[in-house]
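Both complexes shown next keep chain A, but they swap its partner, so chain B is in the first and chain C is in the second.
And now, the complex of A and B:
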């Protein structure tokens, strides 16, 4: 009798889990539900906005080619290489030098974002960077300047910097 | 200091802007084999038996990616997270902690591979039966990462074993791991019976511009 009660109790505790809400996120089909802010750094206030550290987003119309991000990364993993993009010319960037990132090396520390004095380098929540080819992990400045579909920037990007509500 | 313009990077970037990825690695079949026209008999045979059989075998390969965990460094923590109940990579057939090397077909290299470990890694790889796949996880496994030009760390596992999917990150978060497994499954779908990826089908895979 006692044995039978034990079996029933065991089954009861197992069956109870049928009515619990699911913990598993059905990730590739459904959105991951992770925070969606950009990680960026305001050099005037010295304040960083919290965000997911994924692929970089480069605002080419603000970058001056000062190479500070590259110098910073030299000490870490040497992922940033300054390259010349002759087809893109801006007044503030006479030599057309822009950072390109090798994601095979980058460790997503975000120090290049902190080092940028013109607030043109951000990190986006785009973390799905896996690829079949090692060479494809190099992102050219033009590729970095494409905004990924995921995430929302904490600033209005492109024109003047103003905080977005919410 | 002079402006650093690396010829290697420029070449890679120009290459990456061209349409379609270049077939690389050992899994890729010869291009001539694919383009060579087949006889009518061969095509009929392929249509009736070959293709359904390939589909069936690939279906089996897809959802039984039993991994060898080469847990060398901190990236393995993230595999623990993705095997947990929240992300649960067992949904894709990737079992956590599996018994024997000879039943595995996926090698997950998680983290720093030292020069002392490298021969053992090769030994593990050689003991696994074909078809086998390798995922290099984290900056350390891809290129050395933080330990750039270290005397003691192997600068990328692709120097000793062929890598199918690279996952950038330090460590890559669980969604990135899941994404890499889905991409590997996409690659397996293009395989033929001998375990090679046909170049034609491979050219259709171009994950870089699929920004979601």
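And now, the complex of A and C:
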């Protein structure tokens, strides 16, 4: 008899749950609820800002093509490949070398951001990267330099510099 | 500890002993290892933690070390490292399974990873590697991961170079079509492969012979595709409906983490090390970070705020692990509501953790020298609110699950592990505490300011599946208590030690252990003064729990109880295989 009462009590507890608010989010219609900040690293302080580690945002006007992000990524997931973008030229980057990211390999650890000494690589709350073709997961530097629609840039993200002609 | 060393020196005068903090290292000659082992056990070190072999080609020796802890109150914080150096060409070592039965599987692992033959071991056989492995033991230093298999990759046209300087997408990135070309052989090839069965005796077949002792016994496979087994297999010998003998067959998700660690520097290791246990990711890298800090010589430079943030993140992960585990336990006992509730309520904690760590499961938040980033503004209040919300939900679990007669019938008295067995077999974590042993690394050897925080360690005396569930459930309350205190005790300040220049370790070794969600987890790192570790030994709680536990607990139970016992030990196959 006591056992039966306990079962009834358990069922009661479950039934009460019907009137609770929903735990799941109806995602595409409702906001994803992710933190809005960018994950950026301040090399002078040696500390990052709290933010979501999603797609990268590359500030091409700060990048010197030093390859440190690529060196860091080499043994982690080998996702960053330095590529030459001849049409974009900045004073500090004579060879026009910029990182490109293969999101089929990236593990979103964000250590490339920590490795960057020029504050030019950031991670954003952009998470919708899925595609039908694997090649489209490969983001060129120019695609990475487009700021995504979501998220608030951290204070580390600076002003744009002018391109050098020729 | 001095008297132990004196006694060891009496047995063998050429023994080298050293005390470093709480670690006592005894390097004895091979002949007297057994005698000194008995001495160490008599002294009170009864809880085997790990067996580790390290290859030193320069000296032409292999160092075999046994890490032995204790559950006695006065010795809890200490670890005895007992070992010996043996010649590389003829690596024969006397087994110590007679002294510490829990070393059974640890020795089998070192046997296949370094080729050390443990004389007198009851069943020295393969454990993790594939059955058709015909190369040298992989943790030997002359086995190079990058050279191995390189020819195959080139044949497949998948040669990947580092810096390819052209744009648009270089051809080295394989497209979907390339994968089809490489991975899917034609029908004819497959047909031929089907008849190419090699003629070696696989471990799988051996296991069937081992459990099939007489004609009444039937050997059956529990797993690997059974949803209750995870990525592993239990070969059960059954007499009617009763299990008589069990042989676990693991290694299906073995990734060679220990070898991979030798190819990456101290920071690059972090993302890959948290992959084995994604819902307890911080628990896995916590001891690694502590050991790496000892090697990098910055253990005393970690800021105080970083230590509290580490504690908070570790406790978040403990809750995430226990809720996940409780949910699956609900499925195994036929209680889907528990599964839905636990999975839903995890989100409360994940929301709080992702604001700090920037990801849902694999945060990569801890680094040598501190944590990656400070907490965002207003995060403390958010966490306290989340803790209150989660605690209310936890109270409801008691009504629907822990007092539910249906759950009690499935678990009470099922899978009893006695106190003495638990200690002998080296069981850790909730399973050990459910058997009546008060042992928690956070209390035994407080690390990272755990000693400033007031919390209890739940212990139950029954040792059955219900006790193991209940201990984990009570631990979640304690985790919430720790988080609340840590959030209030944190003071503003720096969170990370700032490295300058290249990061190199000092020559030496470090052994760090922490309490992860599944139990005590330890890392042993050897450094030769370079940027990358020389040897990393990962000793996970799942490996210690299931392998020793299942063989002892399961015989005598019915097949229907196997999933419940198996999961009540909180086993995670990837954690054990590494």
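Just so it is clear, the second predicted complex is superposed on the first by the 138 of 166 C-alpha atoms of A that agree within 3 Å, B and C clash if a C-alpha of one lies under 4 Å from a C-alpha of the other, contacts with A are read in each partner's own complex, and residues count from 1 in each chain.
Here is the rule we go by: a contact is a pair of C-beta atoms (placed from the backbone, for glycine too) under 8 Å apart; a residue touches a chain by one contact, two chains touch by 3 or more.
Everything numeric here is computed off the predicted structure, so don't read it as measured data.
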Applying the touch criterion given at the start, work out whether A:130 contacts chain B, chain C, both or neither, answering first, second, both or neither. first
With both complexes overlaid on chain A, does A:35 touch chain B (first), chain C (second), both or neither? second
- Between chain B (first) and chain C (second), which, if any, makes contact with A:72: first, second, both or neither? second
>> Touch test for A:23: chain B only (first), chain C only (second), both, or neither?
In response: both
Message = Once chain A of both complexes is superposed, is A:100 in touch with chain B (first), chain C (second), both, or neither?
response = both
- Message: Taking the superposition on A as described, I'd like to know which of chain B and chain C A:7 touches: first, second, both or neither.
- Response: second
So, does A:150 touch the first partner chain B, the second partner chain C, both, or neither?
-> first
*Which superposed partner A:49 touches (first chain B, second chain C, both, neither)*: second
- [ ] Mind working out whether A:112 is in touch with chain B, chain C, both or neither, as first, second, both or neither?
- [x] neither
Chain B and chain C footprints on chain A meet at residues 23-24, 34, 67, 70, 76-78, 81-84, 97, 100, 102, 104, 107-109, 133-135, 138, 140
Seen from chain C, its contact residues with chain A in the complex are 160, 162-170, 173-176, 263-265, 267-268, 270-272, 337, 341, 344-345, 347, 351, 354-356, 358-359, 362, 364, 367, 372-376, 379, 396, 399-401, 403-406, 494-499
Residue set of chain A touching chain C in the complex reads 3, 6-7, 9-10, 13-14, 17, 23-24, 33-35, 37, 39, 45-53, 67, 70, 72, 74-78, 81-85, 97, 100, 102, 104, 107-111, 114, 123, 133-135, 138, 140-141
Within the complex, chain A is touched by chain B residues 1, 3-6, 9-10, 12-13, 15-17, 21-22, 24-25, 85-88, 91, 139, 142-146, 148, 156, 158, 163-170, 172-173, 175-176, 178-180, 182-183, 187, 205, 207-208, 211-212
Chain A contacts chain B in the complex at 23-25, 27-28, 32, 34, 67, 70-71, 76-78, 81-84, 95, 97, 100, 102-109, 126-138, 140, 142-143, 146, 148-150
